[in-house]
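Shared between the two complexes below is chain A, which has chain B as its partner in the first and chain C in the second.
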Partner chain A sequence: MNALLPLQMALGAVALGPLASLGSLLPRLQPSWLRYTSLMTSTLMSLLWLLSGALGLILVAAPAPNLAVGGIPLWQFRLDPLSAFFLVVLGLVGTASSLHAVGYFRQLGRTGLRRVLIPLPLFLSAMALLLLADNAYTFLVAWEGMALSSSYLILAQTQTIQARHAAYLYLLVAHLGALCLLAAFALLCHGNPLAGNDFSALAHEVLAPGLAQAVLLLTLLGFGAKLGMAPLHVWLPEAHPAAPSPVSALMSAAMLPIALYGLLRIDWQILPPEGVSWGLVWLALGLLTAGFGVLFSTLQRDLKRLLAYSSMENMGLILVALGLARLFVAEGSPTLAALALSAGLFQTLNHALFKGLLFLGSGSVFHSTGTVDMGRLGGLIRRMPQTTLLMLIGCLAIAGLPPLNGFASEWMLLQAFLLAPQMASGTLQAILPLTAAGVVLVLALASFAIIKAFGLSFLGQPRSVYTAHEASLWERLAMAFLALGCIFLGLVPGFAIHAISAVNALLLSGNSLGIQQPWRLTPISPERASYVPGWFLIGIAMAILLTFLLVWWRFGRPLRRVPVWSCGFRGARTARMQDSPAGFSQSLLRIFQPIHHGRLQPDTASKELRVELTDPFWVGLYEPLQRLALALSRQALRLQHGKISSYLLYAFLTLVVLLVLVR
Partner chain B sequence: MRPFLDLFSLLSILKFLAAWMLLLSFALLAQRRLLSLIHLLAWQGITLALSTAMVAVLTGDRLLWVSATLTLSLKGLLIPFLLHRLLRRLQVRGDVEMSLNVASVQLLGIVLVIFAFALAAPLAGSLPAATHGMLGIALAAFLLAFLMMITRRKAISEVVGFLAMDNALFFAATSATLGMPLIVELGIALDALIAFLILGVFFFHIRESFENLDLHWLEHLRENQ
Partner chain C sequence: MQTLQVLVALAIAPLFAAWLQMLRALLQNRRPAGLLQGYRDLRRLFHKEAFLPEDSSWLFRFSPYVLFGTKVMASTLVPILAVDLPLAPAADVIALVGLLAVARIFQVLAAMDTGTPFASLGAHREMLVSALAEPALLSAFFIASLLAGSTSLSTIVLHAQEGLLSLHPSMVFAAAAFFLVLLVENSRIPVDNPATHLELTMIHEAMLLEYSGRHLALLEWGAQLKLLIYVTIGIALFFPWGIADEFAPTAILLASLALLIKLFVAAPILALVETLLAKKRLFRVPEFATTAFLFGVIGLLTHFMLGS
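Moving on, here comes the complex of A and B:
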């Protein structure tokens, strides 16, 4: 088979994106036609990427062939295992989101549809182009295309002042990040990013140590801004709830991992890990991001906001895994590095599946009830039984329960931490157990948050009066696709780890985990901490079946229907007697008070208590910066009198100075 | 065409016209009455036309005669006439307020002339030997017109300053480099006319809004008060 075929296939799909978005501009198209053709094209593109990514992972040709188009500027493309892995992630999420969008946007008219369907294929194409890029120019063009198209998508559903504020904040942070990346590439390419050096050529160049450190810092800031890394995360909880749900799913499950891809590509492949310091930085920032994200996620009332903070938590965990892998490389234990790296990448894949599923599900809930406010929802299990089942699978997966996929990757990450005492350095031996404890806390809080999300929205009784209907066939199809992925990777984790081993081999110069049996999760060796999810599933199913039969046989015959016990309260049970979002996480609100400064505020309109949180980074970092910028602007405003003669004077003085300078 | 005056006297006349131009610039800077400003501008236009004619005699370029005629009719007659009519229709009376007193402005003007000559000196090497001083004078006239725009407060005097700047540029083009393509000249002349027309309309609007042509009312238009 032609070695370039997967790359050509992926590029062909990239070219379909602009065509699809131009096609949406055709006049006199029926809205339904527009929706089907454009979104089916997006689905096709995503499936092609899924296929080419899978081919790229299986047909590992080292070095991967390169394709170049154009002269100056030169477009260069390559599909190596690292790109292929993230292309698979993009393909999975893209397929599901596009299918879901067919149902989700079914009530939009032509104008509303165009707001979505023009930027959406461009967004998908830009992400794929970024993964295929093989030089600085192509990479940066795709990066900016991704930021621009996604900021339009944030505004596609609502154009309220909050949504516009969110889109503006997102664009601002994205551009700051892009500036950092531009500077980093300028340093990497010796001031000439247009020179057309491909990434492997850049990897062979030797940078001065100071320059390399600067590049590492700039790329961490640039990709961190997109990743939602702790001080740069402010856009994330605003942008995700504002965007329509298929877009939120894409942004959370595909775009955030792409920032990880950039980090691996530049800070790992081009500048190979040396020394422990950057590993520790990644570890610390990852833990900060994860802890911060999960804490805020538990305290949210808005379902999508909760999920957005949870994405931040997952990205933090993956960053922890990558930092740990970096430390292991620096300490000279490649097997452990392979374990940590696999854990991080596996978590990326899993996060794409379950977070995509949860965001799509929240979209269906929004479409059906008109709200994602958990203080209004409740009892959806009776109105939307199938959606609830699919959401339950996603929730179990993200909570890290075996035998689903979330458990597999988190187990690998914890195993990597547990094996760390084998390392030589005494300092690391002291630091890593503490970090591991932090990670365990994060995982526990993440489960808490997701129980809150599921319990309040789907169980109990409705907290307000609303009409709800089951999600459309397209939406359920998309969610089922991702839910099946969660189950599949949970039951056959060895399959995923085997696929990831190609990426390991690329990044760790040939080192990888041992041979994997598909049905068994084997972190290091079969004797140590390995498990077979299939047996676990059978065991747990047997236990549940036996308990059910026992109870049914002992108490359940004949079936009796009695009123629900109302805790001794006389009179009617009302929906307000249930836990509220603020009540559910009250303990965390108190315990972590010094961090989030959360307060309970009475809301007179709805006679409820609402939690008001303060982002410490916003108060401590962004507000001083804002004040500084305003003060500087006020100084600059002094130049503006409104007097024509002084404006003329400025022009005159400029002219005189220039005349003096040029002579 | 055979020159009817010898080269030396032609150049002398040209230099005299240049000096006259500079003197008119100073007069514009010093003049406080609007009506006299317009007269001075007309004189400047006529001087410009004469100097273009001299260059035409000097180089024998027929197209420059067209240019000289255009300059005379446009800058010497039409625009001053229009300005004059505008003044009458707007019923502007009295003196021009200046933000600096006349003596200091004149002193500043002298500094500018010295500066302009200092700037022009290294450039003069690339010009024909006869016109060495011209570039300095043109630049000085330009800067003086700019200074005039800065120091005046009435809208009409700003326009006069703008037109004087245009005259100075024109003078630099014709006298210092001995003529330029007619098409460029036509373009510039048209630009000046259009700018004048737009500003004329603008005056009526300023007057309608503020009942005055004093520009300091425009300061209220800025964003933060």
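Moving on, here comes the complex of A and C:
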């Protein structure tokens, strides 16, 4: 087989994106036609990426071939296992989001549709282009395209002041990040990012140690801003809820991992992970992000905001896993590094599946009821039974319950922590157990947050009057696709680990994690630890079935529907007597008060209590920065008098200074 | 062998609960109801008619079976009588914690499904308490598995039988953390009161309020089974002598005898704790669970500081 075929296929799909965008501009197209053709093209593109990614993981032998187009500037592309893995992630989420969008946008007119359908294929193409890019120029162009198209998508449906604020903040942080990346690439390419050295050539060059450190810092800031890493996360909880749900799903489940891709590509492949310190930095920042995200997600009232903070938490956990892998590399234990790296990448894949599913589901809820405010929802299990079932699968997966996929990757991460004491270094031995304890706490709180989201939205009585309808066939199809992925990867985790081993081989120069059977995980040896989700499922299913049959056979009597007993309470039972979102997490609010300074505030309009939260990073970091910038600008204003003579003097002085400096 | 262990666990769970009740009654100067009361209660509940609240969904009906099924599954994974059972490689301690979390989350979801104020009260309290207790439980397990160099329960028990675990100082912290978690997770007295109804401080019982008949019987039996599982895990980690490491009839017989004796001794400790302590205020409960977590973390640190 032609080794370039997967790459060509993926690039062909990338080229379809701009075509689809242009196609949406055609006049006199029926809205339904427009919707079907454009979104089916997006689906096709995503499926092609999925296929080429899978082929790239299985077939492409190292070193992957490179494809160059154009002269100056030179576009260079390559599909190696690392790109292929993230291309699979993008393909999965892209397929589901495009399918879901067919149903989700069904009531939009032509103008409304165009607002979505022009940037959407561009966004998808930019993300794929970024993954295939093989030199600094291509990478940066794709990066910028991704930021711009997604900020248009945030404003596609709502133009409220909050949404515009969110989009502005997003664009601002994205560009600060892009500036950092530009600087990093300039350092990497010795001042000329247009020179056209591909990434493997960059990897062979030796940088001065100081420069390498600067690049590591700049890329961490640049990619961290996109990743939602604390303290650069401020845009994330604003932008995700503002966007239409298929876009939120794409942003959260595909775009955030792409920032991880960049981090792995530059800080791992080009600058090999040496020394302990950066591993520790990743570990610490990851834990900070995860802890912060999970704490805030438990306190949210808006379903999509809760999910956005939960994405932050997941990204933090992945960063912890990658940091751990870096530490293991530095300590010279490649097997453990492979384990931690696989855990991180597997979690990335799982996060794409279940977070995509949950964001799509929240979109269906919004479409059906007109709100994602958990204080207004409730009882959807009776109105939207199939959506609820699919969402339940997603929630159980993200809560880390066996035998679904979320548990499998968390299990691997914890195993990596438990195998750590083989390492020699002394200082790490105090840090690692504390980190492990922190990770466990984060995982437990994450299941609190997600059960809150599911329980308040889908169970109990409706908290307000609405007419809910079941999601359309397209939406359910998209969600079922992702839910099946969650179940499949949960039952045969070895399949995913096997696919990831190609990435391990690339990043760790040889895969030292033993070959995994598809249905069981045994990281080191069966005596140390093993996990067989299939037996698990069969065991539980058999136990449940036997119990049911036995109980039915021995004591089966028809069930009777009766009014709820409710401890004998005879008064009028209203939906307001259930937990409100603030009530559900009130105790957590109280326990973690010293950290987030949240308070319960009465809302006079709706006569209920709401949680008042301010982001400590916003108050402590961003507002002082803002004040500093304003003060500096005021000082700069002094130079501006509006007198032409003094401006000429400035120009003259500048000229003199330049002449002296440049000569 | 696997089936035998499950059947034994199922059979003695109500007995153990009744023995505990009996000791509590004796300590509180009440007349005990007898050792067979557990079985009598279950029989009575199973024969009663089961009601469903008017607007509950399939989750409500389905959950008792899930709960019971997962706990039965959990009892296959714990070395109650013997190590290296056929299903043992399917899951390690982390997966066991996950399995118990499945049961808990379905219970919480079922409670929220009815939409009654008491049930949702119980639901969010349960989630709160377990969100703090689960890390403590895991860190206690981490200590044991770090010492044994494995997260497989069978390997840990074999290590413990050679006396390699119990002499280590970090195991003391692990034991303390585990004991506190046992009280929290099984809704024993300083945290929750298993004997109460109509009290604003209850957690576990509040979630069962709407259940009746055979569903309630399954839930009660499941709760007894969970207590037994926790106690046997504790035994396996900290007092593993007598657990059979081969499938010979004499070894099994000895193991069963040892188990009965250990359970016989374990109950008075629990009964004493429950009699001597008062039920804590709800806002004190997180502190209790956090203490357990702290013990776990200190244990982990001790392990690393002292070297393995």
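Note that in this section the second predicted complex is superposed on the first by the 621 of 663 C-alpha atoms of A that agree within 3 Å, B and C clash if a C-alpha of one lies under 4 Å from a C-alpha of the other, contacts with A are read in each partner's own complex, and residues count from 1 in each chain.
Everything that follows uses one rule, which is that contacts are C-beta pairs under 8 Å (C-beta built on N, C-alpha and C of every residue); 3 or more make two chains touch, one makes a residue touch a chain.
Since the structure is predicted, the reported quantities are computational estimates derived from the model, not experimental observations.
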item	value
Which of chain B and chain C A:Trp75 touches, first, second, both or neither	neither
Chain B versus chain C as contact partner of A:Cys567, first or second or both or neither	second
Which superposed partner A:Ser530 touches (first chain B, second chain C, both, neither)	second
Which of chain B and chain C A:Tyr104 touches, first, second, both or neither	neither
Chain B versus chain C as contact partner of A:Trp278, first or second or both or neither	neither
Contacts of A:Phe139 with chain B and chain C, given as first, second, both or neither	neither
Larger contact residue set on chain A - chain B or chain C	C
Chain B-touching residues of chain A, taken from the complex the two chains share	637, 640-645, 648-649, 651-652, 655-656, 659-660, 663
Chain B to chain A touching residues, read off their complex	99, 115, 119, 122-123, 143, 146-147, 149-153, 158, 215-216, 218-224
Chain A-touching residues of chain C, taken from the complex the two chains share	46-47, 49-55, 57, 59, 61, 65-66, 68-70, 72-73, 76, 87, 89-92, 94-95, 98-99, 101-102, 105, 108-109, 112-118, 120-121, 123-125, 127-128, 130-132, 134-135, 138-139, 142, 145-146, 149-152, 155, 197-198, 209-210, 213-214, 218, 282-283, 286, 293, 296-297, 300-301, 303-305, 308
Complex interface listing, chain A residues touching chain C	378-379, 381-382, 385, 396, 399-402, 407, 411, 414-415, 417-418, 421, 429-430, 432-434, 436-437, 440-441, 443-445, 447-448, 451-452, 454-456, 459-461, 520, 526-532, 535-536, 539-541, 543-548, 551, 554-555, 557, 559-567, 569, 573, 575, 577-579, 583-585, 587-588, 590-591
